[in-house]
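One chain, chain A, appears in both complexes that follow, with chain B as partner in the first and chain C in the second.
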Partner chain A sequence: MLDRTADNVARATPEPLAKKIRGISDKGLAWLFISPTILLLLAINIFPLFWAIYLSFTNYRANRPNEVVKNLGLANYRRILGDQDIWIAMQTTAHFVFWTILLQTVIGFTLAWLIDRKFRGHAFWTTIILVPMMLSPAVVGNFWRFLYEPQIGLFSYVVSFVTGIPPTNVQMLSNVELAPWAIIIVDTWMWTPYVMLICLAGLRSIPEYIYEAAEVDRASNWRQFWSITLPMALPFIMLAVLFRGIENFKMFDMVNLLTGGGPGSTTEVASITLKRQAFESWRTGYSSAFAIILFVAVFGLANIYVKALNKVKQR
Partner chain B sequence: MKSTLKLALGLSSAIFASTAVSDVAHAEDLTLCWAAWDPANALVELSKDFTKETGIGMKFEFVPWTNYADRFLNELNSHGKLCDLIIGDSQWIGGAAENGHYVKLNDFFDKEKISMDDFVPATVVGYSEWPKNTPNYWALPAMGDVVGWTYRKDWFSRPELQKEFKEKYGWDLAPPTTFDQLKQIAEFFQKRQIDGKTVYGASIYTERGSEGITMGAMDVLYSYGFQYENPKKPYEMEGFVNSEKSVKGLEFYKALYDCCTPPGASNSYMGEGVDAFKSGQVAMHMNFAFTWPGLQKDENVGGDRIGYFVNPKGPDGDQFAQLGGQGISVVSYSDKQESALKYIKWFANKDVQAKWWSLGGYSCLNSVVKDPKFPSSQPYAQAFLDSMAIVKDFWAEPSYAPLLQASQKRFHDYVVAGQGSAKDALDGLVKDWTQIFQDDGKM
Partner chain C sequence: MSLTTAHSVVAPSSNAKLIAGTIIIAYALISIVPLLWIFATSFKTPPDSIAYPPKVVFQPSIEGYCNLFTTRTRQTPEYINALGPATGFCDETVRKRNMVIAGPSNFLPRFVNSLIIAFGSTFCAVFLGTLSAYGFSRFKVPLADDLLFFILSTRFMPPIAVAIPIYLMYRELGLSDTALGMILLYTAVNVSLAVWLLKGFIDEIPREYEEAAMIDGYTRLQAFWRTVLPQATTGIAATAIFCLIFAWNEYAFAALLTSGTAQTAPPFIPTIIGEGGQDWPAVAAGTTIFLVPILVFTILLRKQLLRGITFGAVRK
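On to the complex of A and B.
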């Protein structure tokens, strides 16, 4: 059927065009087919990147199109790297990335390990656990804001019930000490299932015969876990850490919805600072430089990490 | 077959013709951009008269306050044609004028004999002029607004509370005339049980993301002696922004936040304030006057239960209030400027302005607000008039956005997060603002 259709198309192709097509090599044809995609990628990914690099050396402001654009050299980069507020935002980001990854990895791996026991109803519980991940961050942010509400929020009442502290004193989003943890809790609640899924894939990829051999050697469960389960699932865990690390480094939506960077600047992660500089203060050149710095930082760290991951996989 | 073909042809021609006619009919429809709030609904109602008179249809693009500046400044900066008319915030006027976003209206005003002398002077300076205090007009004052206060008149008038208050503070429980009195009242009501419910002292602006805490803190700082710059030397801020009086003002605002606001009110602006007042949580409520008509009509807290008062005086007797409100401008990228100007001409009409006020908008026309019947026309009319007489506004420079972001950060860091001192915050603000003006080549 397909051959017949191809024959019909070939016969219907006008002779001059057919001649031209016959003259194209396989490689040329391949390029012809992928060129629209490449052009699209160049237009929406590569060009903006180079344009941002160019802008980062200028004083350009998107809200002042009539102003003369001056070349500032490295001034934007120097100002960013010498700005104490930027370093505070980077520290906040690092704190957030560290704790979310740690909690999500520990809880996610534990859940995966439990689910892998294949107890009765494990499929049902897997689905339930995955629900938070399927929700939109906007929805999650908004309903957690209500849950954290000191006067009517369920979270405040649960904490109050457990600790005896009056619910109006449980001010998760207003308290400088608690606000970063409020965001960490929500992110962990939402994305632990994702880590669990990757870890579960890792655990399921371990061949059963290895455990059988260990049983024959009378290895204890603890020994099996440390010598088989963990090392063999490690590349998957590391992959989950990589994905979550990159995602959380550029975390914006949840922070914006829950605290907007506050109270004060205590939860102002780098992406919030970047957005404020770019789209509220309209310092386009300056924010481009900041975006490039962030890009280099994430790219560099991810590269080092991927090399480490490859080493682990080769072991 | 032939008849079916004819029928199809006839139908398609009719559909095409009707679409074309409808396109012609709506070719001059104007789109007006503004914030999504109560006065916008009043404007929709009012604009029906314009369509009746001129045949020009009106479409509206309303965006919630939290995204209002982002959305419309993006639109203007990208030279978008979405808005033919825009009611832009007062602080945008400098940037919009210098970047050519708004049509200059001087010639149009001269031609149509629209005089700026017919409008409340503060609104002309605040909403229309750039540079300030020069006769260069970029907007027609459209919606007067100012930060003022509402209070629970029914709670204030309870004999047992009045007695207790008098015993404790030595003066009658009544709307405060100074900020010290305001704080005493707020402390008195904080965590008090009224009708079996815990209530709190006051709702004030603490929002971090857009302009909330700056509007609130400035509302207090002005009356404490804060000045943006040396009146004799523009852009000289040292000793004015961070004067001792300003420091005291900011310390007061923090003290008010710490002592007397509802739990968790660390990111409150207009909407949250209205919610706090409507739900009977607070005794006093700082907010722009545009919220008053809605609160007055509220079943639970409106009517006889609500009262209004002007921003109180500072320690030296100075009394100012933060200006809100906006002017209406013609967007220079619109293809329908002629029709848009017709709308401005219509809107400036005395009768239209009177109806605007009656529908819930705040007219800036002298003939409306100076009408002898105006103060008694609404329970809040006198407080609005008195407040409009003492207004001050934030920087309206083209760099207003970074200037605002700097104050948002400095004020929130100190007032809500409790980081550093008021002096540190204001010194930091001088540093930030100086850097911004230096980048602009103004210093």
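On to the complex of A and C.
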């Protein structure tokens, strides 16, 4: 389309002259291009956020819109911090986040390390492993209910076949002890590929010559792993951990469909409590206060995440 | 061979490769069993689907798909015998269970809703995202880093927390349970991903192309349109697929903000029930139809996957 001369002229043209040639001023165009996005986010994300902050100071109930709204000050926040159920939900969430991240990081990193041995056909099998993470957590989570079904479910059948426990006793979703693990298993199945993919990128970012130098120095494989592989892949592992941490902290869809928070409230993670308070008990003001608390927590984590993101980007 | 000596020092031995390969293949096979089971269940009859022990070998049937697309009512054998001959395979299968087809189910309209909302929001998000990404990539925007962080942070908001005020706002504006409302919402969620991903892609296009075009007499806008956009098509396509997958898979907002006319497939599929509980073959059939497009997209995207899931930070 353009010949070399034009290219050279462009390079040689001083910046002020180039500016004159352009139509709309760059500043104008920049705002023209960026402002629609900002406006949309202000309307759909920020305005509702401020509304939620306002509601969090009131006793508003969405199912009684005509009732007089009373200003409660900080009462909702004080009640949340003293609410036993909220603390139990936070503990359930912490248990879920801790175990999913631990399992996913260990399994994900191991898989990435094995794939990095570059055996024949590794690209194909990597793609197969990646499939679960692209699917809808709700739709697939819903189907896991069938796999977990005692006796007729495939998962329960395999467990009873391997362990010898009678098949009707493998009640993954209705047993108080097992239900938290049922959601951890599905989440790990689904998101280990995510951690694996990022770890793989980390492993592949390590330049070959470092290993060659270590080899020359006769460093053992074990030593190479601990002093080269792991430290150099660490920023990537952190990235995956942070992102999974944020996502699982606000986990809703999969848990809602698998257990709905039950049995009782054994799997009631923070988002499920929030949904029950907001859309079943209709305590809009109270649940808004809880939402704001969760949002602040996620915002803090997201801040750290973006810093990690920029750090990895420089590699 | 002689050239590869430097590499062979650190290349894994063939034994290590064999062990690594075996473990990876075993993991891959185990991890897709649930998906194969969904696919298999969609071709089982309801009695086969709940057999003990679970049936691996079975006579395939499309009863699940029949049940997915229809609603049925139970009738007496006399009533069924009095009807004319069955009009097709589904009719015949259903009659064997002493039922008649009463009409179409809600699956098709919900599936169409998913298509409209996913494509609509993807188009808007990619359109807005491309403009913003170009703006951030090429111009000195004041507070650019803060704005970019603001844009990304909106994606991290817990959906239920956002849903409370959105629910109230949409009720006021008459957007509850409308496709337009869902498109706006998904656009807002996806635009953050689109800006971050596309900024990475546009950063990679040399500025010299546009500058040369402007020397040729194009305005900045024309240069953007004729030189940057054509170069960014791969990036735009990959971004669009990521947005599409998110909108297609989304459940939390859809479950809380839609109930009927604008309901998408994810909140609908779990509600498919037959007589005496969940109709698993029909659920599996719906799940299969719902998942196939994503499988195709995942394979198309495999080279860009890493970029998509890290908001463009990790490129290779």
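What we mean here is this: the second predicted complex is superposed on the first by the 273 of 315 C-alpha atoms of A that agree within 3 Å, B and C clash if a C-alpha of one lies under 4 Å from a C-alpha of the other, contacts with A are read in each partner's own complex, and residues count from 1 in each chain.
Going forward, contacts are C-beta pairs under 8 Å (C-beta built on N, C-alpha and C of every residue); 3 or more make two chains touch, one makes a residue touch a chain.
Bear in mind the structure is a predicted one, so any value in this text is a computation, not a measurement.
Visitor: Once the two complexes are aligned on chain A, which partner has more residues of chain A within touching range, chain B or chain C?
Guide: Comparing touch counts on chain A for chain B and chain C gives C.
Visitor: Where does A:279 make contact in the superposed view: on chain B (first), on chain C (second), on both, or on neither?
Guide: In the superposed model, A:279 contacts both chain B and chain C.
Visitor: After the superposition on A, what does A:151 contact: first (chain B), second (chain C), both or neither?
Guide: A:151: touches chain B and chain C.
Visitor: Touch check for A:176: first (chain B), second (chain C), both, or neither?
Guide: After superposition on chain A, A:176 lies in contact with chain B alone.
Visitor: Quick one: is A:62 in contact with chain B, with chain C, with both, or with neither? Answer first, second, both or neither.
Guide: Both partners, chain B and chain C.
Visitor: For A:291 in the superposed arrangement: first (chain B), second (chain C), both or neither?
Guide: In the superposed model, A:291 contacts chain C only, not chain B.
Visitor: Return first, second, both or neither, reflecting whether A:264 touches chain B, chain C, both chains, or no partner chain.
Guide: Touch partner of A:264: chain B, not chain C.
Visitor: Classify the contacts of A:226 with the two partner chains as first (chain B alone), second (chain C alone), both, or neither.
Guide: neither
Visitor: In the superposed arrangement, what residues of chain A touch both chain B and chain C?
Guide: 62, 151, 256, 279
Visitor: Where on chain A is chain B touching in the complex?
Guide: Counting only chain A, the residues touching chain B are 59, 62-66, 85, 149-151, 168-169, 171, 173-174, 176, 256, 259-266, 276, 279-283.
Visitor: Would you mind writing out the residues of chain C in touch with chain A in their complex?
Guide: So the residues of chain C touching chain A come out as 6-7, 9-10, 12, 16-18, 20-21, 23-25, 27-28, 31-35, 37-38, 41, 49-54, 128-129, 131-132, 134-136, 138-141, 147, 149-154, 156-169, 171, 184-185, 187-188, 191-192, 195, 208-209, 211-217, 219-222, 226-227, 245, 248-252, 255-256, 265-267, 269-270, 278, 280, 283-284, 287, 290-291, 294-295, 297-299, 302, 305-306, 309-311, 313-314, 316.
Visitor: Touching chain A in the complex: which residues of chain B?
Guide: Counting only chain B, the residues touching chain A are 69-70, 73-74, 76-77, 79, 95, 98-100, 198, 207-209, 262-267, 281, 398, 401-402, 405, 409, 412-414, 416-419, 439.
Visitor: Quick check on the complex: what are the chain A residues that touch chain C?
Guide: For chain A paired with chain C, touching residues are 1-2, 6-7, 9-11, 13, 18, 21-24, 26-27, 29-34, 36-38, 40-41, 43-49, 51-52, 55, 62, 111, 114-115, 117-122, 125-140, 142-147, 151-154, 157, 167, 189, 193-194, 197-198, 201, 204-205, 208, 211-212, 215, 236, 239, 243, 246, 249-250, 252-253, 256-257, 270-271, 274-275, 278-279, 284, 287-288, 291-292, 294-295, 298-299, 301-303, 305-306, 309-310, 312-313.
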